[in-house]
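First, the structure itself, so that you have it in front of you.
Which chain is which? They are A, B, C, D and E, in the order written, and residues in each are numbered from 1.
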Amino acid sequence: MIENGFNRRDFLKVLGWGGAVVALSGCGNTSVQDGAEIVTSYVEPPEYALPGIGVYFNSTCAQCDAGCSITGRVREGRVLKLEGNASSAINRGKLCGLGQAGVQAHYNPDRVREPLLRNGDKGEAITWDKALGLINEKLNGVKGDEIAFLTGAVSGHVKVLLKNYLEALGSKNHYAYDAVAPSVVRAANKKAYGVEMPRLRLDKAQVVVSFGADFLGAWVSPVHFSQEYAQFRKGSDGARGVLVQIESKMTLTGANADRWIAIRPGTEGILALGVINALDAAGLSLPADVAAVSKAYNAERVSKDTGVSAEQISKLATLLKARTPSLVIAGGAAEGYKHGSQNAAAIALLNRVLGNIGKTIEAPANVPFPQVAVTTGNRSSVQALNDSMANGKLKVLFSYGVNPVFTAPAALKFQDNLKKVSFKVVFANYLDETALAADLVLPLDSALEDWGTAVPEYLVEAAQLNIQQPLMEKLHAGTRGTGDILLALLKQRRANEYKDYEDFYSYLRSAVVKNKSALGGAGADDDTFWGETLSEGLVKLPASNGALSAKSSAAGLVLPAPAEEDSAYPLHLIPAVTANLRDGRHANQPWLQESPDPLTTIVWDSWVELHPKTAAKLGIVEGDIVEVTSRSGSVKAQAYLFPGIHPDAVSIPLGNGHTALGRWAKGVGINAFSLLDQVVDKDTGELALNETRVKIGKTGKRVMIVKDEGAAGGSQAGKKIAVSASTDEVELSGEV
Amino acid sequence: MHRFLCLSILLVGLFANTGSHATEVPPSISTADDLGPKVEQPIEFPHDRHAGPRNPADAADPSVPAKGGMEINCMYCHTGARRSAVAAIPPLQKCVGCHQTINSVRETPRIQKLFEYWDAKKPVPWKKVHDLPDFVRFNHERHIQRFVFAQNKPVQEACGYCHGDVKTMTVARRQKSLSMGWCVSCHEKDHPVDVAATKTTHGPNDCWQCHK
Amino acid sequence: MEKDISESIAWAKINGDVLKSLEAPRKLYWVILVAALTLFGVGLGCEVYQYQIGMGVANLNNPHVWGLYIATFIFWIGMSHSGTLLSAILHLMHADWRKPIYRFAEAMTTFSLMTAGLFVMVHLGRLWQFYYSVPYPNERGLWPNFQSPLLWDAMAIFTYLSSSVIFLFIGMIPDLAICRDHLHEGWRKKLYTILSLGWEGTDRQWRNFRVTYLTVACFLIPLAVSVHSIVASDFAMSQQPGWHVTSFPPYFVAGALYSGCAAIITLFIILRYVFRFEEYMTLPILKKVARLTFAISMVWTYLNAIEFAAVWYSHDQAAKDVLLQKAMGPYAPFWWMMIFCGSVVPLMLAVKRFQTNIPVLFAVSLLLNLGMWLERWMIVAPTFSHGYYPWTWDGFQWPSWVQWGMVFGSFGWFTLLFMLFCKIFPSVSMYEVKEMVYHRSLASKKNELAEKGAH
Amino acid sequence: MSQQHILALFNNFENAEAAIYELRAADIKGFNFDDLTLKSPIEHHEVEDLLGKRSANVQWFTLGGALLGGLLGFFLISGAQANFFAQMKGGKPIVPFPPNFVLTYEMFILGGVFISVLGFLVCAGLPAKRSPLYSAKVSEDQIGILIKADASAMAKIKKVFTDHEALEIQEEAGK
Amino acid sequence: MSVTNLLENWSQFRHGHPVDDKPHEEYKWAMAIDLDACTGCNACSVACYAENNIPVVGKEKFNAGQQMHWMRIERYWPEDGREFADQGAQFLPMMCQQCEAAPCETVCPAGATNHTADGVNSQIYNRCVGSRYCSANCPFKVRYFNWYDYPSTDNVWPAEMTQQLNPDVSVRSKGVMEKCTFCVQRMTAAKNTARNEGRLVRDGEVQTACQQACPTNAISFGNLVDPESKVAKQWAHQQVELSKEVQAKDAQEGGTDLRGYRIMEELRLYPSVMYLERVRESAI
C-alpha cells in the first residue's frame, strides 16, 4: 500500500523540474531541445505541492534579534525569497534588507558542512558521533564552574535546553553577549520605568526626540519602528509627527529627522537637562527633584557644553511643550560613554517631565513562560568571560551564535585569553574568526533548515512565541540543528529525562502541544493545533500587560562636564552600527555588501567619516587613506567627508574587516572593534562604545571610493528630482 | 526595347511581390511529420497503452496496441496542466498506485523497473521531450482553461495542438516545432472565447506574455 | 600658374606608369602593409577577448555605454565622405583636376565605410544576434524597429556602401579593361577579365557609361548628406543634453567633409611617394585640395560656434551644463585640443607657402584628423558623463586598452584594405587622366591658335 | 551575303573622325552606318555629332528603380510595423511617418542606384563577349573603328581607312 | 495580406500615447512613492535583487560603474551651505519610471523594448542585441547592461546560490540590457488567476517586490484604470494626470498644497511613477 507516513522533510525535497528551474545564462540558448534536461518528479508528493506553483511557509527571521516573522516562498522544494509574515504584529508583512538576505545565509557556499576537529592549524572532518563523544570525553572530570557557554541573545526552547544542559553540567556560566546591544539603556529604563524595554508608541506621539536611537536602521526592532514611524508621519488627519534627532554622527534615523542636531559627543544628558530647564522657562511645571537638578543647566551653559545653540534648545522646548504627547528615546549614541547611564537617566527624565509615561511609553506585554523569554545579550558578559579565561579558570568553552574574537574590543586581548581554555567548542554556520580559534567546530543548520522557537525582546501588543521551521530540505547532510545538538548533549547527561524525544522536532512539538490550552489551542486536536501553529508561524501568548513604575528620580543624577580636550587623541571615535552589517556576522552575504550604505552610498568597504571642517583642518580629502589610531590599536581606511557628523568626532562603521568568515567578507574593509579602548559605563560595567579617543594621520595614499553616488556628490544640480517641502507649504489632511 | 520592357515588367513584379509578401508572417511549418528526435527514457512509457482508444477495432490506425488502450485522460496524470504553468510529470506514487493492483503486468520488465525506483524511493529521471528555452514563459493552465474548459474541446485534441497525437506513441516524441513562429501562427488566429460565444479573440501578441 | 598635369604625357606612358604601381611600389609600401597588418591583429585580438568576456572589459559602464566605439564609428563614416566629395560633387562641377585623385578617394569611401560598419558590430553586446536588427522575413514573424535611428543608420550605411562600391566599380571598368589588356597572364589577369565585363570602349559603352556615372553621382550626393545627417540623428533624435541639437546634421556633414579632405591630403602624400605618382598627383592638385580643406575647416568652425551659441542662448540648462563641462570639466584638455586641431591648425593652410609644402601638409593633415576624431569623442563622452540625471554623473571615464586596441586596429584594417586595393587595382584613373590630358591639350591648342590669330 | 568584320586603328581622333565622315558620306553598298562601332580609350563627346543620335535609356531605369525602391521601402516598413506584433513605442503611433520617410528616402536612392546600374549593363550590353576583332591598343592610345559589313564592301571600306592613315587594319578571315 | 491589414486598421495604427481619447483598456500599472515615508533603508532594493535574479557584481565592477541594482536609493543633501545637514538627507528610490512615451523604446534597433497594453515598458531579454541605445537615451539612467556574463563569473552565483534564483525570471547573460519590470512575473501570475475566475485583478492582489518589502509602505502600486485602487486615488488626490506634463502642483505660481510630482516632466516622458514630496517641519 501507499505509505501514509508523515515526514515533513520529504515534502521539502528539492525537485529537479527542468523548465521551472532557472538555467543559468537563460538567454543564450534559443532553440528547442529534446532530451537534454532531466525532469525529476516527486516520488510521493504532498497534497499542495504542484510543480510551477509557489508554496509559502511561515517561519521566523534569525538575522537579528527583533524576531520578525517571515514567509518563505518555496518552489520545487527550494526557498526562493523571504517576505514578511503579515500575521505578526511586529513586522506586519514587511521585512528589511537584512532579513531578506537570510536566503543568502542559507545558500551560502561558505557554510561549514561537517564537524571539524582541530589538527594543528587545520580542521579535520570527523563524524558527529565522534564529535559528540569527544565533547562528552572532554567534559569528564571537569568541574561545573570550569565550563562556560557563550551565546548571543537566546530565547525559546533552545534556551530551555541550554539552561538544562548547563544545569546538568553543574555550571552557572552562561554568558549572553551582544556587542552592539542597547544594554545601558535597558538598565536605565529598568530604573526609570521598571522595565528594560518599554513599548514605545511612535504612532501615538506628535513629537519624537531621539537621542541617537537609530530605530529606523539598526536599533532594537527597526522594521516595527519603521511602520510606526510611517503612521507617526502620517499622523491623524494631517497632523504630521515631528522627529528631532540629536546625535554626534548622523544615523539613518537622523537622516530622516525634521531637525538633526549635531551635539558634542557625550553631552546628550546635559542637553536633556538643558531642555528641561528650557521647558521650565517656557512655563512647564516641573517636579521639585527635577527642577533642582535642571536649574543649573541654563541655556547658556548647555549651549556651551553641547555645541547646540540656545535658540535651538528653546525651539525644541517650545515644540515639546506645544505638541503632546511626545516621546523621547535614548539610544546607542547617548549610552556609549563612561557616564552613559546618567545620560540615559537624564533623557528618561524628559519623558517624565513631559508626561509621556503611560501615553507614549507603555508597559510591554509579559511573557507568561519566563523560561522561554529572551535572555538579552550585553557587553559586560564578555568582559567577565574574558576575565575568567585570563585567570585560567575555564577548561571548556562552548560558543554559539557570537563571534567574540572579531567583536571584542582589542584591549581585552580576547583571542590570547581564549588560548588558555583547553577545549573550545564552537557551534558555527561559517568558519568565522572564533570558529577558527576553536578546537571543535559543530556545523549548524541554517535558520531556514532548523527548528526552533523565539520570543523577541521588543514585544508589540501581545507577547508571541515565534516558530522557526525548515523551509526546505537540508542543503548539506553534515549539518545539524542547534536544538538537535543540545538535545544530543543533554542525552549524554540526562538520558532518561530526554529519551522520549527522538530529535529536537519531537521535543519542540510536544513542548508546544503540551501547553496548547495556555497557547490558545484549548480543545483542539494535537495535530490540528500543531499544524495551525506551524502554518501561522507564531503563537500569540495570552496577554497580561505589566505596569510601568514611573519611579525615575532626578536625585543623584550627576552629569560630568564635557570631556577635556585630549591633545594626543583629539577626536572621538563613534563606531557606527549599520542596518546591514550590525556586528559583522552578516558580512558574508553579498546582497548586504553590495547594498549601499544609505548615507554614504559606499559599498564593499569600510570608511572613516569626517566632517568637512575637520578634514580641511587635517588636509584630508575624500578617498585619502587615513590612519586612525587609538590607544588600543590602529587601522587604515579611506576617508569620506560627511556633513552629518560633529567636527569633534570620526565614525567608522562596524561589521567589516573580517579575516575569515567567507569569500565575500574576508579582507573587505577594516574592523573598528579593534580600535576600542576598554572603558566602561560606571553604573553597569558595560563597554562604553563611544568613549575611545583617536587621532588621524594621512598615509599619503588615495583611492577612488567605491560608492553609488556619482560625481555630483549628492547634489541635484538644481534639478527637481527629490523635492522637499516644508509643512506650511502642503496640506496633508485628506491624503489617501 | 523589347528586352527593356520585359525586364521592367519582371522587376515590377518582383518588387511588388517582395513588398507585399515580405511583411507577411511566418512561412508555414509542416506539422504532422515534423518529429523531434527520439529520446531515450529510463522507462519506455507506452502512452498508447494508457491513453489510446479502448477498443482496437475502433481505431483504423494499426499503431494502436493490440490489447487496446485505456483512454486515460491526459490530465489524470499530468495534473498540473489545468492548475499550473507546467503540466508536470506524475509522481511515482501515481504510477505505483495503479500498478500495485494490476498483477497481470507486474512482472514485465518495465513495471519491474518502475518498482525498483519505487522501492529505492528514487524519482525516475525522465528526460524532457518538450523543452522550451528558459526565457519562454509557457503556461499550460491558460491554454487548458481556454480550450478545454471554456471552449469544451476534447482534452486530447487540445493537448494535441502542441503535443501531437500522443495517444499513438509509445515514448512521447515532439511532433510540433514549438518555435516562435509556430506559436505565433496560432496566436494570430481568432478563436472563439468560449463554446457558445461568437466573439473571438486572438492570442496575446505582447512579447511579455511569453517571454520572461 | 603651374599646370595641374603636364599636357605632354603620352597616353601610353600613363598606362605604363599606373600599371607599374600594381607591380613595383617602393619599399615603404611593404612597411606600411606589415604595420597595418600588425595593428589589425591587435584590434582583432581585442575583439576576440571582448567577445569572450563581455563588453565590460572595454571599461564601459552605466552611463558611459558607448565609449570610443561609437566615436570612432562616426569618425570613419565622416572619412567616407571624401570620396563622394571628390568624385561626385567635383564631377558634377566639372572640376577636372579631381581626375588623378578621385579613384583613391572613392576607395577610401568604401573602405572607411567597411571600417565604420565593423564598429557597429564590435559595439553590440550580443554580436552573435546582430541579425535581429536586420529586416528580413523570418520564421518568428518579427521585424526590427524601424523607428530606431540605428536602423536608419544601418540602412543608410548599407545603401551608401553598396552604392559606393558600385560607383567605384563602374568608374573603374575602363581601367580594368586596360589592366586586362596590358598585364601579364596570371590570376590578376583573370580577375580583370571578369571584372571588366568585356569592356572595349565602344561608343555605345561610353555613351551609357557617361549617363550612368552621372546618374549615380547625382544619387550619391544626397545619399552622402543623408548618411551623415542620419548618423547625426543617432544623437539629435535622442533627447540627451548636448545631443538634442537641430544643427547636428549639417554640423556632422561639414565635419565629415572636413575629415574626408584631411584624410585625402594624408593619403595623397603617401600614395604619391609610395607609388611614384609624382607626375599625376601633382603639387598644384594638392594645393587645390589644401585650399578646399581650409574652406571646409572654416565652415566647420562656424558650425561649431553656432552650436555653442545656440546652446548658450537657449533655455536648456542641461545642455549648457554639458557645454560647460566640456570646456571646464575633466574632458577639457581633449575638448580644447579639438578646437585647436580643428580650427587653429587649418589656418596654416591659408598660407600659400605651406599649401605645397609636403612635410607641413602631412603634419597638418594628421593633426586635422586627430582633431576630427577628438570631435567625435567629445560629442559622445561628455554627454554620457553629464546627462540629465545628476546621480549618475561621473567624472572621466578612461577607455580601457581593449577600446584603444580596437580603435588602432581599425586604422590597421583600413590601411590594410586600402593598401591592398592600391596594389591590385589602379589607384589613378588612367582613362580619366588621358581625358584630362586630352582636353587640356585641346584647350591649350585652341589658346595657342587664338593667340596666333590675335598676333 | 556573308557579313564580315573589319577593324582599323588610328593614331588620333582626328584621323578616325575624318574616316567616319567619309564612310558616312560614301554610302557604300552592303554597309549600314549603324554597324559601325567606334572604340576609344577615352570618352569623346564629339561622337554624338559623328555617329548621329544613338539612344541611351539608362535614365528610365533610374526613374523606375527609384520609384519602386521608395514604394517597396514605405510599404515594407509600414506593413512590418503593423504586423501581428504591433507594439507601440515611445508614445508614437505604430506607423509613424517621419522615420518611415527617412527609410523610404534611403530605399528610393538604393533602388535608383541599383536599377540604374542594371540599366547600364542592359543598355551597354555588358557583360559582353569580345567582339571578333579587338586590339589591346584601343585601351592604350589608339582609336579603333570596327565595321560589320558585307564582304563585298570590304575593299571600299579598307580604302577609306588607308586613306586616313590607319595604323593597322585587321580583317576577319572570310567564311 | 499585410497591406490590407495596414489600410483596414489605419486609424488604430496612427494612434499615439498617452492620449485621452484612447485610454488604457483594462490595466495601466502605476506607482506612487511617498518620499516623506521613505527612510532610505534599502529593503526594497534587496527585495528586488531577490525577486529578479540580479547579480551582485562585487567591488571592482561596482567601482567601474557596472552595478546592476534595478532599484537604487539615491541620497541627496540639501544645498544651502549649512555646516551640518541638519534637515537630514533626502532619499529617493529610483527605478525604471515606465514612461508612457519612453525614449528608450523608439531607439531600440531590434524592437526589444516595447510598450505593453498595460502601460508598462517591456524589456525582452532574448531579443536584445546589446546596442545600449536605450540606456544612452534614458534620462534617468535606470537601465542596466550585462557587461559580463555574470552567471559564469566567479562568486556571483556559486552553485549553491543558484538554487535561490527565481524560476519566473530569466537569468540574463552577457550583452543584454535589463531594468525594472514592475515585477511583471507577479502581474502575469495575478492576471492568470483573475482570468481563471473571470474577473480583473483586484487592487492589492499584485504587489511589486519593493512594495511588499517596504517597512513604511512608502510605495503603492496598482491599476490606474481602476478608480478604486489606492494608487489611482493617490494620483487623483494629488491631481497628477498621466497625460499631462505639468501637474497641478507646478501649474500655478507658488504651487498648491499638493505634493505629487513626476520627475523631469518637461521632457514629456509621462512616467508611471508619481513621487510625493518629502515634508519637513517648519516649526523646528
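In this text, contacts are C-beta pairs under 8 Å (C-beta built on N, C-alpha and C of every residue); 3 or more make two chains touch, one makes a residue touch a chain.
Model, not experiment: these values are computed from the prediction.
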Minimum number of chain-to-chain contact steps, subunit B to subunit E: 1
Each chain counted as touching subunit B and subunit D at once: C, E
Chain pair with more C-beta contacts, C-E versus C-D: C-D
Label of the chain whose CA centroid is most distant from the centroid of subunit D: A
Closest chain to the centre of mass proxy, which here is the mean CA position: E
Euclidean distance of C-alpha centroids - subunit A vs subunit B, Å: 54
Averaged-CA centre spacing for the pair subunit C and subunit A, given as whole angstrom: 65
Inter-chain centre distance, subunit A versus subunit E - centres from mean C-alpha coordinates, in Å: 32
Interface hub residues of subunit E, defined as touching at least two other chains: 2-3, 67, 72, 74, 103, 106-108, 111, 114, 116, 125-128, 149, 169-171, 176, 264
Multi-chain contact sites of subunit A, meaning residues that touch two or more partners: 20, 22-23, 26-27, 30, 709, 715-716, 719, 721
Overlap residues in subunit B, where contacts from two or more other chains coincide: 19-20, 22-25, 133-135, 179, 184, 206-207
Interchain pairs in contact, sorted by label: A-B, A-C, A-E, B-C, B-D, B-E, C-D, C-E, D-E
Complex interface listing, subunit B residues touching subunit A: 36-37, 39-40, 79-80, 83-86, 88-93, 96-97, 100, 117-118, 121-135, 173-174, 177-179
Subunit B-facing residues of subunit C, complex: 137-143
Residues of subunit E defined as touching subunit B within the complex: 1-3, 114, 116-117, 120, 122, 124-127, 168-171, 181, 184-185, 188, 192, 195-196
Complex contact set, residues of subunit D against subunit E: 75, 78-83, 85-95
Subunit C residues touching subunit E - in the complex, by the definition given at the top: 53-56, 59-66, 123-127, 129-130, 132-133, 142-145, 147-151, 154, 234, 237-240, 384, 387-389, 391-392, 394, 397
